[in-house]
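Each structure below appears as structure tokens.
You will see subunit A twice below: alongside subunit B first, and alongside subunit C after that.
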Partner chain A sequence: MLEMLPHWLSDWLGPDGMANLAYITNGKHLSWYASVRYTLIAAAFGAILAVFFGLLGAAAKLSKFAPLRWLGDIYTTMVRGIPDVLFLLFFPLAFEQGVEYMMAQWYCKPDELAAATTWPLCANVQWYLSTTEYMILACVSLGLVYGAFAANVIYGALTAVPKGQLEAAHAFGFPSREVFWRFQVRQMWVYALPGLSNVWLLLLKATSLLSLLQITDIVSWADRLGAPNYSPVAGLVHGDWRWKYYLVLFIFYILLTWLSEKFFAYLQARAGRGMARAN
Partner chain B sequence: MDSIFNAPFVQDLVTLFKPALFNLYFLVLAVPFGFPLAVLLALGKNSKNKLLSMPARTYIYAFRGSPLFIQFFMFYSLSLALNPGVWKPLGISWLMIHPLFIGPLVLVLNTGAYAAEIFYGALQTIPKGELEAARAVGMSKWQEFRTAVWPNMLRLAWPAYTNEVVFLFHSTTLVYFTMPVINEQKDLLNKASELFEKDYNLFLHFSAAALYFLVISIVIFFLFNLIYKRLTRYLNVEVSLKIKPNYIR
Partner chain C sequence: MSKKWLLAMTLGAALVSGQALAEDKLRVGTEGAYAPYNYVNDEGKLAGFEIDLGNELCKRTNMTCEFIQNKWDSIIPNLLAGNYDAIMAGMSITDERKKSITFSDEYKPVDPSLYLVKKGTQLDFDKLEGKSVGVQGATIQDDFAKGKWAAKNTLKSYEKADQSLADVMAGTVDVVLADGEFVRTAVAGSNGELEVVGPQEMIGGGIGIGMRPDDTKLHEKINAALAEIKKDGTLETLTKKYFTEQK
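Moving on, here comes the complex of A and B:
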């Protein structure tokens, strides 16, 4: 591939530069760059689900029906006291066990079920998850955990919508349901954006935890590529370079944060058009 | 009586007591060192001198903009890479590559940045009148800091700082996901995962670990609320911290 580079570029790089270029574009490194997709997919779908669960949570917190309100409050306070890592490990495992339990009701013989003391309940209900399934579960877990954060942001934003607007909608004869969805939710975004931007930044940083769910994401690739190599057959011989690879990831995440901040500043400016500002 | 103590959940709580001490150890070491670092960084970021404000600003941005998970990996592998050349000859490799040292170190560096941003925000909102009053009565810079800046900064930042400390406590779970476990020095999540791998009873072991996290978080809130009451006692109003998820970190 590298022979296709123009001569002026390969001359300018020199033999050392070309060797370095060959090293950082070898198959393993290309796989590393490609694994960024897991991070970005988890961040994107996690964020969409987080907004979805956030809306549900906020609607529950605002509900007129007390048990629903309690449910919303429990949901948002759970993340206060329990680390996100625990949820990230718990949800996929719980889902896997739930599916295996249902499979067991279907496939296992009654005497096997009765005798079962440990997991799996019988030999033929082992569900082996692949990366795709783990990715889906990771997105859902991220959505659930950060959905609780988003629920608080959205709850605050919903209560910040001027009462007059809602009263006007009621006066025009809109039923309560429509007032909520067509007026309160429509108008809350501009109040929710700064908070949602913070939730997004948290979620983005949490995508580094994907390797805990057996996904070969950028972190586990960095660990493999940086590990010391003493056999020339396996490629370039080098010592422990892991810190260099982690430094790259460190900078990568700072860049992502910077880009997100710029994007949200733009969105905020756009959403705030026509709004009265204090300054 | 006998049956309560033999209940699996209670047995889990007993088993998880020692691991909980490891999480607490990381917290108790990180807070006293992280607090002064954060104050210095906040004052640096607030300074008019570019030579002070730029490095502080960059530091805070870098450590708030990247995941703690990566920071743990980075500092641990850096220390491992320095081990043959630097720590071994100095004879301190037993310390420098030990999770019980690197863990709190990285937590201090991280919480320093997060708390500095909180304190910086507080410095920005100190009532201007109090600073002007301090200057008007002819106070020196140090007197002004001691009487007008410091108490106000602490009072304004305290609720957010409490949230940060709770977050820091939750972050201690990441230490043993990035570093090796040495001789049974396991934290809550390690031990819970180990128990899970024995009998696959997910809900039992993870909820026992979660209960520890919840209870310790509530205790942190309680202690910090006592300090908050003391910081705001001159205001003559009842204030208290609310246990609610914050979304400013």
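Moving on, here comes the complex of A and C:
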């Protein structure tokens, strides 16, 4: 592939430069770059789910129906208190075993169930989780954890919309549903976006935990590539280079943060258009 | 028909079809971080002695091999859980492991484990005290070091073998005990910075393929193919290709 480079470029790089270029473009490194997709997918779908759970949670907290309100409070208090690492370890495992347990009730013979001492309860209900399933579970876990933060942010933002606005809308004869969606939710974003951008950055950082679920993400690849290698058949012989690879990850995450800040500034300006500002 | 039933049936059908497929496909779990047994090569693919050997065995039993990379510390649980059907990961045959899985005949005889230090480190193995000894967790060397060294020294258990190499190089750990071939490979590639010291420890049995105990059919198939490639010299050729010394 490198033979396709123009001559002036390969001359300028020299043999050492070309060797380095060959090293960072070998199959192992290309797999590393490609594994960025897991991080981005988990961040994107995690965020969509977080906003979804956040809206649900906030709606529950604002509900006139007390049990629903308690449910919303329990969700935001409990999930916000659990470290994301623990939740990411706990939820997928609990979900897998829960499904296997339910299926065992249909598919295992009664004597197998009685005799079962190990997991799964019988061989028929073994559910094998591949990277795809783990990715889905990771997105849901991230959505649940950061949805709890988002719920609190959105709840706060919804109550921050001036009461007078809503009263005025009612006075104009809008039905309650439309008052909620066209006035309260529409104006809520201005108050919610700064908080949500915080939640997004936290979620983005949490995507570095994907390797906990045996997903070969950028962190596991950095680990593998940076590990010392003294076996020439396994590739370039080098000492402990992990810090170099971790440094690349630092830069990658800082870049993502910088892009996110730009994006949220744009969103903020868009959400705030046509609204009076107090400065 | 309720949705629950539909879900259960879809999952059930997936499981049954999965089992039917398993007949002509052998899924092999390996670590991919233990050169020259198994490692990830420059192309980003699994390679090494066991990958070649596994493919050869699959060819002779009319199966296709699919190698699945799995962390060492969960490699046995995930075999039992059905994530793959066999383990080829430089795994020594031990009585302890035989309690949960069965092994094929050995494809590599016992290779004494060796002590690896940074060049110039003086250690008195007759009365080793106050040193830190590194091993990879859940290995035969781990068990052995627990018995022999843990009382008067600190044991450091690593998730991956190459982390122990990084630490011995950085001086964070005084000595590492690991598989003979792994240590020799490290010394050869270390540009004179690492060396072997002290006694050779004869621990563990030979290296074999781990399988689920109830997989008797696969067990027979694999052993027959192993006997065949031992007889016609293929195993010897492969061993010579990857290992520096034959015992």
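By our rule, the second predicted complex is superposed on the first by the 268 of 279 C-alpha atoms of A that agree within 3 Å, B and C clash if a C-alpha of one lies under 4 Å from a C-alpha of the other, contacts with A are read in each partner's own complex, and residues count from 1 in each chain.
In this text, contacts are C-beta pairs under 8 Å (C-beta built on N, C-alpha and C of every residue); 3 or more make two chains touch, one makes a residue touch a chain.
The model shown is predicted, which means the values in this text are computed figures rather than measured ones.
Chemist: Scan A:Arg242 for contacts with subunit B and subunit C and give back first, second, both or neither.
Modeler: The answer is both, since A:Arg242 touches subunit B and subunit C.
Chemist: With the two structures laid over each other on chain A, which partner does A:Trp258 touch: subunit B (first), subunit C (second), both, or neither?
Modeler: Once the two structures are laid over each other on A, A:Trp258 reaches subunit B alone.
Chemist: Contact-wise, after the overlay, does A:Pro67 reach subunit B, subunit C, both or neither (first, second, both, neither)?
Modeler: neither
Chemist: In the overlay, answer first, second, both or neither for which of subunit B and subunit C A:Trp106 touches.
Modeler: In the superposition, A:Trp106 touches subunit C alone.
Chemist: Give one of first, second, both or neither to describe whether A:Ser231 is in contact with subunit B, with subunit C, with both, or with none.
Modeler: second
Chemist: Of the partners subunit B and subunit C, which touch A:Gly173 in the superposed model: first, second, both, neither?
Modeler: neither
Chemist: Would you sort A:Pro6 into first (subunit B), second (subunit C), both or neither based on which partner it touches?
Modeler: Neither partner.
Chemist: Would you tell me the residues on subunit A in contact with subunit B in one complex that are also in contact with subunit C in the other?
Modeler: 118, 239-240, 242
Chemist: Note which residues of subunit A are touching subunit B in the complex, please.
Modeler: For subunit A paired with subunit B, touching residues are 76-77, 79-86, 89-90, 93-94, 97, 118-119, 148-150, 152-153, 195, 198-199, 201-202, 205-209, 212, 219, 222-223, 226, 239-243, 246-247, 249-251, 253-254, 257-258.
Chemist: Note which residues of subunit B are touching subunit A in the complex, please.
Modeler: Residues of subunit B touching subunit A: 61-62, 64-71, 73-74, 77-78, 80-81, 166, 170-171, 173-174, 177, 189, 193, 196, 199-203, 206, 209-210, 213-214, 217-218, 243-245, 247-249.
Chemist: Give every residue of subunit A touching subunit C within the complex, in rising order.
Modeler: On the subunit A side, the touching residues are 26-31, 99, 102-103, 106-107, 118, 120, 123-128, 214, 216, 224, 227-237, 239-240, 242.
Chemist: Name, in rising order, each residue of subunit C that touches subunit A in their complex.
Modeler: Touching subunit A: residues 8, 11-12, 15, 18, 33, 35-36, 39-45, 47-48, 69-71, 80-83, 160, 162-163, 165-166, 169-170, 185-191, 194, 242 of subunit C.
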